[in-house]
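Letters A, B and C mark the chains in the order given here, with residues in each chain numbered from 1 onward.
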C-alpha cells in the first residue's frame, strides 16, 4: 500500500516536471484581470481575446492570467509575479494598473508591458485603448431616431473622461437628429453591481426615459429594459441574449486582433513601445449587429459608422460648445485634439445636469 | 404607471433580499447566535439557486436549491460555533470567505446563461386596481413571501411557546438549560432557519432581480442584512420598516440623480449608512435601561454535566 | 451514545502547542482531496502554496509587505476584542487614516517641505483613525448604540469620502481627470529597506507595534484591566475598573493603528491616494486577530501565514492554473480547522450514553 502510494506520487511529480520542461521554449504571455473571468463584461472580453490568441498562436506561446486583482497595493506584486514566472509580454487590463505597471516596467527593462486605457508609457511599456466615443456617437443617432419621449437614460459608472466623453458623443450624435433631446444621468459609482444597475435602469425608465444606455459592465440594465418592453444599448459585450427584443446595438470590446498583432511582433522581435488608440477604422472595437430598428435607421447607423471609420466624420468636430455656452478651443484642426478627449471634463450644451466633482 | 407607484415597486423589489436574509438572521440572533456569514450563505444560495433553476427550468426548484445550499452552509457554521464552541465572529467571517470561493467554483459552469425570471403575479381584477393593485398583488411571489415570513416569525416569536423558549435561549442560556431545554438543539434549528433564509435571499437575486449569475453579485447585501437586524433592535416589525427604509433611500438617491439634483453622488450613496447610524443612536437614546439585544448574543454555550 | 464537549479544568498547554499543527495537517489532507478532484497534482500544488514562496528573497519580502497592515490592524483589534468591544470597522479607520495623511502629502506637493512631512503624515493618519474609531465608541458609551453596526456603517462612509476626494478636490491636475492624486513627493513616501525590493519601513513599525502590544497586555495594569473587563465583567466592576473608559481607550488605540496602517500603505507600496487602496485589510485583520488567538506574537505569526496563502495563491494561479476561488475556499477551510482545533485547548470530547435531561437545580 505504502509503495503504491509512493509510486503514484513519483509519477505525478514526474508528470509535473515534464510539463514544465515541455513549455520552456514557448513565449510566455501574461494577463492581469480586474474582475473574475466570468463577469460577462470587461474582463470577459479580455479573456475571450486571450482565448482567441491561444487559438491563433497556441503552438508558439503559453498564456497565464491572474484574475480578480484589485487596483491597489496588490497589483504591483501580481504583475511582478508574472514577470518572475517567465512571462515576457504582459497585458495589464485596467486603468488602475497604470502606476504599478510602470514601476515593474522600470525594474525589468527586458520584459514588455501593455497597459490598457492609461496614459503613462516607457521604453518597454505601451498603452492601448479604443475610441469608444465613436460608437457612442452612432448610438446617440439611433437613440434620437428611436426615442418617442425624446428622453434618454444613461447609467454611468464613474465620471472619468472615458465615460464623460461617451455621454458627450452620445448627445452630439443625438442632437443632429433632435436638437431638443434630453438625457438623464445616474452614476452608480461601480463598474459592476448588477442589482444597482438594474435599480438605476428602473429609476430612469420610471422618470420618463424610454431608452437605456450604459457605461457599466453587467447585462442587468439590458434585462430590465427588455422586461419593460423598452429599448437599450449594450456595453463591452454582446448582450442580445438578455434583451432579444431590446438591444439596438452594443459596443463590443474586440481586443483579439490587437493582442495577436502585438504577440506576433514580440515573436518576430519587432515589438516597440507604442501608444495605440484605435477606433472603428482599425477594429479596436466593433458595433454589434443593428437590431430591433427600422431599415432606414439601420442604414443611417451603418452609413455613419462607415463615415467615422473612413475619417470623414469626427464625433467631436468643431465647434463643440460646453453646457454653459462656451466654445471649446479647437486644437485639432476641425475637431478636438485627442488630449482634449482623453481629459474631457465638461458636459456639452444640452445636458441639463452637473458633472460630479466640478 | 405613475412615478410614485413605480418607485414603490422598485423599493419593494430592492428590499426583498434584505428582508429575507435579515429575517433569518433575526431568528438566529434571537436564539443567542451571531452568524456574520450571511454574505457567504447568500452568495452560495445565489449560485446554487441559479444552477437549480437553469438545470430544471423551474424557479421553485431554484429557490429550493438556494435554501438547501444556505442550510448546508449554516450547518458548517453550526458545527463550528455550536458543536465546537468556537468564537462566532471569527467563524462567521470564515464562512463568508469560504462562500465567496465556493460560489465561484459552483457558478463557473453557468456564467453567461440566462433564465426566465420569476413571473409577476397577476390576479385578474385585484392587480388592476389603480395604485394599490399592482403594489399589493402585482409583484413577484418572493416579495409577498418575504412579508408573510416576517409575519410568521413575529407570530412564532411572540405567540408560541416554542418562540418563547427560543428567546429564552438567547437571553439566558444557562437558565434555559437549567429548565431542561436543549439549548444547543434549539440554536441549531435557529441557525438552519437563518441559513435557509439567507440562501433564499441570495437565490432571489438571480431568480427574480437580474436573471443571470455573476460571481460576487450579492455585492455586500449580506452585510446590510446584518446591520438591519441590529437596526431593528431584533424586532420583526421594525425589521420591515428598516428594510423598506433602506431600500427606499437607495432607490430615491438614484431618482434624485436622474432628476438632476446636483448633490455629489457619493454623498447620496452614503445617506443610507449615515441614516442607519443616526436612527440607531436615536432609538438607543429613547430607550431607558440598556440595550434590547439578546443578552447571550454571541457567547458560546457548553452545557454543564 | 452522544459526543459532547466538556470544559477542561484549565487550558491544555500541550494542545495549545500542537493544535496549529493538527489544523495544518487536516487542511493539507483536505486540500489534497480538492486538488485531486480538480485534476491537479496535489504534491506540486502544495509545494507551490507553502514551499515555493518561502524559498526566495523576493517572495519573503512580499509576504512581509502583505502582512504589515494585517498585523498592525489586528493588534489593535485584539485589544478591543479582549475588552469585549466589537470594532468591526477597522477598514473604515484604515481608509480615514490614509485620507488624513494624504491631505498633508497633497498640500505640500511640489513645495520644498523638509523631512518632517512623512512623520507628520503618520501622526495625522493615526490621529484621524483614532477619532474615527471614537465615533462608534462614543455612540456605544453615551447612547448604548451597538458598536458592531455603527463601526461597520462607517466603513462605507469612509470609502465614499475617499472616493469623493480623489475624484474631486484632490485629483491630480496632470492626471487626465482620472481618480487619483499625483504621486507623492519623496519626502512624503515611506522609504524602502532593500534596494529594488518593496520591503519598507512600515514592516519595522509593525514589529514595534507587536512588541508594544505584548508589553501592554503582559506587563501593564491597563493591559490587565482590558483582559479582566473582557473575561470577567462582574469582577471588573467590583474591582472598580471603568468599562466605558476601556471601550473608548481600546477603540482609540485600534483606530489609531488602523489609520497608521492606512497611511503607511498609501505612502509606501501605493505611492498615491486612489480608490481601492485596501483589498479588505480591515476585515481580513479580524480573522488574523482570531487566528493569532488575540495574542500579539500569535497575531504576527497568523498575519505572516495568511500573507503566505495570498502569495502562494497567486503563484498557484500562474504555475498550475488553479482558480483564485480555490484559494478562497482553502483560506476558509484553513480558518475552520484552526478555530476548531483551538477549541480543544479549552474543551475535550467525551462520549456519553444518551442520558435523560439533566435537571440541574443550581449551577
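Methods note: a contact is a pair of C-beta atoms (placed from the backbone, for glycine too) under 8 Å apart; a residue touches a chain by one contact, two chains touch by 3 or more.
In UniProt terms the chains read C = Nucleoside ABC transporter membrane protein.
Please read these numbers as outputs of a predicted model, since none were measured by experiment.
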**Report entry** Chain of greatest Cα-centre distance to subunit B
**Finding:** A
Report summary line: Contact-pair count is greater, between A-B and B-C, for B-C
Query - Euclidean distance of C-alpha centroids - subunit A vs subunit B, Å - result: 35
Report task. Report the inter-chain centroid distance for subunit B and subunit C in whole angstrom, where each centroid is the mean of the CA atoms. Result -> 27
**Report entry** Residue list for subunit A, restricted to those that touch at least two other chains
**Finding:** 36, 189, 356-357
Query raised in the report: What are the residue numbers in subunit C that touch two or more other chains?
Result: 160, 163-164, 167-168, 323-324
Report summary line: By the touch definition above, subunit B meets two or more other chains at residues 104, 108, 215, 264, 266, 269
**Report entry** For the subunit C and subunit B complex, residues of the former touching the latter
**Finding:** 4-7, 81, 86, 139, 143-146, 148-150, 152-154, 156-157, 160-161, 163-164, 167-168, 283, 286-287, 290-291, 323-333, 335-336, 339-340, 342-343, 346-347, 352, 357-363
Report summary line: Per the touch rule above, subunit B residues touching subunit C in the complex are 76, 80, 83-87, 89-91, 93-95, 97-105, 108, 174, 177-178, 180, 182, 215, 223, 226-227, 230-231, 264, 266-267, 269-270, 273-274, 276-277, 280-281, 283-285, 287, 290-291, 293, 302-305
Query raised in the report: What does subunit B use to touch subunit A in their complex?
Result: 1, 3, 6-7, 10, 14, 104, 107-108, 111-112, 114, 117, 205, 209-212, 214-217, 219, 221, 250-251, 254-255, 257-260, 262, 264-266, 269
Query raised in the report: Given the complex with subunit A, which residues does subunit C contribute to the contact?
Result: 41-44, 58, 62, 65-66, 160, 163-164, 167-168, 171, 176-180, 183, 196, 198, 265, 269-272, 274-279, 310-311, 314-315, 317-319, 321, 323-324
Query raised in the report: If you look only at subunit A, which of its residues touch subunit B in the complex?
Result: 36, 38-40, 44, 153, 184-190, 192-200, 202-204, 206-207, 209, 218-220, 223-224, 227, 241-242, 352-354, 356-357
